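Two complexes come next, and they have one chain in common, chain A, joined by chain B in the first and chain C in the second.
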Partner chain A sequence: MTHTGPPKLELVSLRKEYDGGDVVAVENLNLSVQPGETLAILGPSGCGKSTTLNMIVGIETPTSGDVLIDGVSVLDQPAGRRSVGLVFQDYAVFTHMTVAQNLAFGLKVRGVAKSEIARAVGETADMLGLTGHLNLRADRLGGSELQRVAIGRTLVTKPALLLLDEPLSNLETEMRAAMRRELRRLQQEIGLTIIYVTHDQIEALSLAQRIAVMSHGKLRQCATTDVVYEQPAHTFVAGFIGAPPMNILHGAFETRNGESAFVAGPVKIDAPSGFGPGPSHRRGLMGVRPDAITLAAPAEGAATATVRRIEPLGAEAVLTLDINGQHLAATAPARNCPSEGDHVALMFDHDRVAFFDADSLRNLRDVTA
Partner chain B sequence: MTAPALQMTRITRNFGALTALDGIDLTLEQGAFVALLGPAGAGKTTTLRIAAGLEVPDSGQVLINGQDATALAPKDRDVAMIFDSLALYPHKTGFENIANPLRLRGLDRQTISAQVDAVAQTLKIGHILGRKPRTMSGGERQRIALGRALVRDPAFFLLDEPLSSLDAKLRVELRAELRRLQRERGASFLYATPDYSEAMAVADSVVLIFDGQVRQVARPQVLYDRPADTRVACFVGAPEINLVEADYDPADGGRLLLGGLMTQASPAHHHLFNGTPHRFEAGFRPEQILIAPPGTEGANGKVLDSEPLGLKSAITVETSAGPLRASVPEHIGAQLGIGAPVAVSFDVEHSLCFDPQAGTLLER
Partner chain C sequence: MNTRPLTPLLALVLLVALVVTLFPIFWIVMTALKPPTDWNAAPAIWIPSEPTLINFLTLFDPDAIGAFGVGGISESATAAVFGSILTSTCATLISVGIGFFAAIGLSRYTRVNRFTPLFILSGRMFPPAAIAVPFVIIFSAIQLIDTYVGLIAIYVAITLPFATWMLKSFVDEVPREVEEAAMIDGQSRLMAHLTVTAPLIKGGLFATTLFIFILNWSEFLFALVLSYSNIETIPIRLAKYVTATAGTLFGVQAALAVLAMAPLIVAGFLIQKHLARGMTFGAVKR
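The block that comes next holds the complex of A and B.
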């Protein structure tokens, strides 16, 4: 990124404890978000993502660490003063008010002049396609329109940062897809800096440039979506992202004649030389995405697996393969898909495997030998 | 031949002026895994409640293991029902929750203990038997609920969106668990879900209902490849199928006019329409809309939206045949920015033909 000023948002060694330190909700969290970037914070319920959001907004106070917006600490500013717009799941739209009154609300309480309010409301409604609804009462609107009003109410105040907390989880599948499209358009058109908290990986993959994956209060990885997908920093990330998730094979690294390979039963894959000499027969894990496995007719020298189960998805099917008692998921086109009980040879896309340390469960790329 | 575990015949149920079920026929063979698929309000839960005896049909018959059970009370049916909102006893441990139905039957302590242990082993929940529900994760609670149903060894299981509150990874695990129970214990399952991908992944056979009526009964892949009509075609598959008004013209070896786009017809079209001009509705799945590599000449469309979804990207292209949804590998999708010109073509060979009025699938 060519940006030279301070990051839009910076979290520095952020920590939040409850019950006098018995529960650590967020631990040593370091993260920065650049202007115009969309970052998704992804994780299962209880991972600390909402607590993190609340500390950015100012609803919760960190036990230690700092929150900087445009390079300035905002910890001493109350929630209402931090130029941060928050939109959450239960879009708190005033249903007895019209759309226009809802949009105007935030500016009115700030004492903005009437003419300026009218201008800002008109502009925001235009951007969100709400112009035709301005005089409708909010209780006449459908779910996705309500959510647009909720976003509009926040945008009209021109926040430095827009925080979205599971904003689409109350909507039906089709509405969700439409809102995702809407958000992508807003990103492109107004270059907002957005932090998007979700447990839904599709939302994260489809909207964010980078994804921060959290579990148990810790940041497991923060990287571009393709890096998170192809080279997860931790087996937790490998298992959390992707449907079906990344396969993890248990095996060992073996070095022979200076060449190192990962071996798991009949599977043998060249291991990149960058992993350093390391002890021979060091235990390890290999991660491979279901679509990085190609099936072929059984052949001499190739690892063979038995097809245990076929789950059709439509254009493709997910196959459960049994290879020496370890189960792997692989995708195959629904046409000319093998049958249950068939023996097939497996070919792995060598550029798309990741290796993990057997003890720390971290990606070996990130672990210095 | 053994009688089916459950057979429902011409079931109707009205709630006041509202017809919830309008002549449902449904068969669950012994050891089968059937998904009951339909949108919210289609009648899935009412069907399950009638099978369980929680609801009495206005007309029709329910047979369980070949015996008429239409008027039987729930407790006399030997049926286990598992809901999404599972009701575990909060003050009881995992063990006590599972043991409860056996206690009600008055079994002795040793038998109860042995049966709970056996179920716990199947479900790999031995380590949480001593804990109370509030200290368990969602998946653990779901397994305890499953254990409580399993321990009764019922005639069949009714599952009402049992996994909808769980995250993706757990869902995959528990689905595999249910399949294993079907395989190893010969258990029969009727599984209601509004999610076509869940239905396809878990079931041997899918019963699709709309508005209280069965629209199609088929194996999962058939449901996708040969949907009975355009409504089924739209409900099954994401991104949604593209429906395009099409004209078949037998001239020049047969061609299709799709909006303003022209493409070669397949021999199947010639056969279907007897070599005479014909108007129909063409159905193209997103993988049947082919996007040429970026930079290819002859662009006939413009990218409206490009959504990365992990392995695949969903691309919407504006063409003279209307907006078309295509599914492309993610690395291709990443090169297609909004507004980019693209060349679109059609996989005519595998496309579907529907009657332009009734919307029914035209068999080829």
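The block that comes next holds the complex of A and C.
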């Protein structure tokens, strides 16, 4: 287990089938995680994120494809030899042992000397605030302590690559925020390469440098957090990230006098010329974040919508707008908010609009580029 | 567990149930303490006038009862007690040992398949009498008849389905993640099952062991047809206390029955406690 610095992880055309190919849990997954990077994998349950982690750590074997750590395939190495740690969503703490025995388990299996085990266990317990619980049986612990034991048990073995499978999902909001700070601190202090699986976007956005979004076993996008937010690669990503999600308007690209525009009812937005091929109509989708829409008093020439519903959320309110039968969500300051039934003009922040192909549902920026 | 108040009706039902259950035990213990003259006295003697341990002594020293003018017992029960302890203990340990791994296999390494686990039970679908005689023939041919090895083998075969099924229900309760966690920490699959799965289902293992032991300890049919002179178990011995001169030696028989019963009653109490605990060990958050 000697390594210098955090490792680089590459997944190459990774595929996992179950039941003789009837179920494809992960399909053609290509992903690389840079040394020292924290990558969040985000996706709804059943999208293949846990299966992916299991293949990286070695408790499941890919049907095809490869897992490379620092450029070397680790598929022929058993789970314990990859220097990869995994913190399970449901803790998987050994409830028949004490906290100290749990923390010592991995080191004992590896044949580390007793004095060294005691030192490492003490240090880890100290870091995670478990010192007072060391001699308690694990089945006496509450959720947040179990979670810390689970994390500690993995960290104590000093894995080069740390995988976390929804590690905070069982915690209360307050504890979750504290653990998030704790993880960020560990991440900075120890300098691990971390893959963090979650379905909580806030967690992903606050901890990770890049986000990989998966659905139905496929990787939909892997990019920095702001790119994923502003220019989703796929309408699935647009709908999955953000609350409320990105608005999607159905319309068409039109080219007139050499200028290309996207038209959806009264909405007309300039589009990059490449998106509207020739004079013909091309169906398309427009995505815009609720906070990229500004409301104004109705005016000549502006797209007008009707306010259908107002949902106050403290400082802000989420408005549901009706524009020619299509619904849009927009945010407005709660103190200066129109009322239900009002007509308002919509102004879109042109830099923050994304366009998608109507058939493949992929971001046209990626398709044409 | 909610406790119901003890109403007079409930108390009466419980009392009747208790009498029905305990009366045979009371009777056999009393008979074991009766001197030969009381065994089949009419009217029946409920509490022996002069309690004696002569019946118990006779089990291991056949001539002891000669003092009461009863004779004709040729053998001591020592061999039978030894035989029962040996066969039941070995068969139980082997059965639970194999059953543990079979249960893990069924619980962890088979994709959902209803047939295999049911198939394991199919051996229990026909009456033992139907297979007893074929086994006599087979065991004669392979010279396993009248041997402890043969009897242990058949006991393992009979109890293994039970052990597997019982243990499978316990293994199913253990989240597989804890085994995976042990493997990530560098243990082999086998070691993960031994150091993590086994301790987590300790209560279940204990309950299963006791249950299988009770089955083996009380088995009569196979012990009868598969033994001639070399091996003997307590149930077989029980049937042999009939003499030409004194008829059935009820007292001696009762004494052996009391000895045979004792470990089962102890096991019964233990199994109850462990079954209750075995079912609630799920401290692992799911």
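Please note the rule applied: the second predicted complex is superposed on the first by the 331 of 369 C-alpha atoms of A that agree within 3 Å, B and C clash if a C-alpha of one lies under 4 Å from a C-alpha of the other, contacts with A are read in each partner's own complex, and residues count from 1 in each chain.
Keep in mind that, in the parts below, contacts are C-beta pairs under 8 Å (C-beta built on N, C-alpha and C of every residue); 3 or more make two chains touch, one makes a residue touch a chain.
These numbers were taken from a predicted model, which means no experiment stands behind them.
Visitor: Given the alignment on chain A, is it a clash or a fit between chain B and chain C?
Guide: Here chain B and chain C can both sit on chain A without a clash.
Visitor: Touch test for A:Phe262: chain B only (first), chain C only (second), both, or neither?
Guide: Once the two structures are laid over each other on A, A:Phe262 reaches no partner at all.
Visitor: Which of the two partners, first being chain B and second being chain C, lies in contact with A:Gly143: first, second, both, or neither?
Guide: second
Visitor: A:Pro78 in the overlay: touching chain B, chain C, both, or neither? Say first, second, both or neither.
Guide: Touch status of A:Pro78: second partner only.
Visitor: Where does A:Pro244 make contact in the superposed view: on chain B (first), on chain C (second), on both, or on neither?
Guide: In the superposed model, A:Pro244 contacts chain B only, not chain C.
Visitor: Tell me the angle subtended at the Cα centre of chain A by the Cα centres of chain B and chain C, rounded to the nearest 10 °.
Guide: Here the answer is 80 degrees.
Visitor: After the superposition on A, what does A:Gly106 contact: first (chain B), second (chain C), both or neither?
Guide: second
Visitor: First (chain B), second (chain C), both or neither: which does A:His199 touch?
Guide: So A:His199 only meets chain B here.
Visitor: Check the residue A:Pro312 against both partner chains and state whether it touches chain B (first), chain C (second), both, or neither.
Guide: It touches chain B, and chain C stays clear.
Visitor: How far apart, in Å, are the nearest Cα atoms of chain B and chain C after the overlay?
Guide: 13
Visitor: Do chain B and chain C land on any of the same chain A residues, and which?
Guide: Touching chain B and chain C on chain A: no residues.
Visitor: Any idea which chain B residues touch chain A in the complex?
Guide: The contact residues of chain B facing chain A are 138, 167-169, 172, 176, 179, 197, 200-202, 220-221, 224-225, 236-239, 285-287, 305, 307-311, 327, 330, 338.
Visitor: What residues on chain C touch chain A, complex-wise?
Guide: Those in contact with chain A are residues 111, 175, 177-178, 180-188, 191, 196, 199-200, 202, 281, 283-286.
Visitor: Using the touch rule from the top, collect the residues of chain A that touch chain B in their complex.
Guide: So the residues of chain A in touch with chain B come to 44-45, 173, 177, 180-181, 184, 188, 199, 201-202, 205-206, 225-226, 229, 239-245, 289, 291, 309, 311-315, 317-318, 320, 331, 334.
Visitor: Within the complex, which stretch of chain A touches chain C?
Guide: Within the complex, chain A contacts chain C at residues 18-19, 54, 57-59, 78-81, 84-86, 88, 90-96, 105-106, 109-110, 138-139, 143, 146, 153-154, 157, 170.
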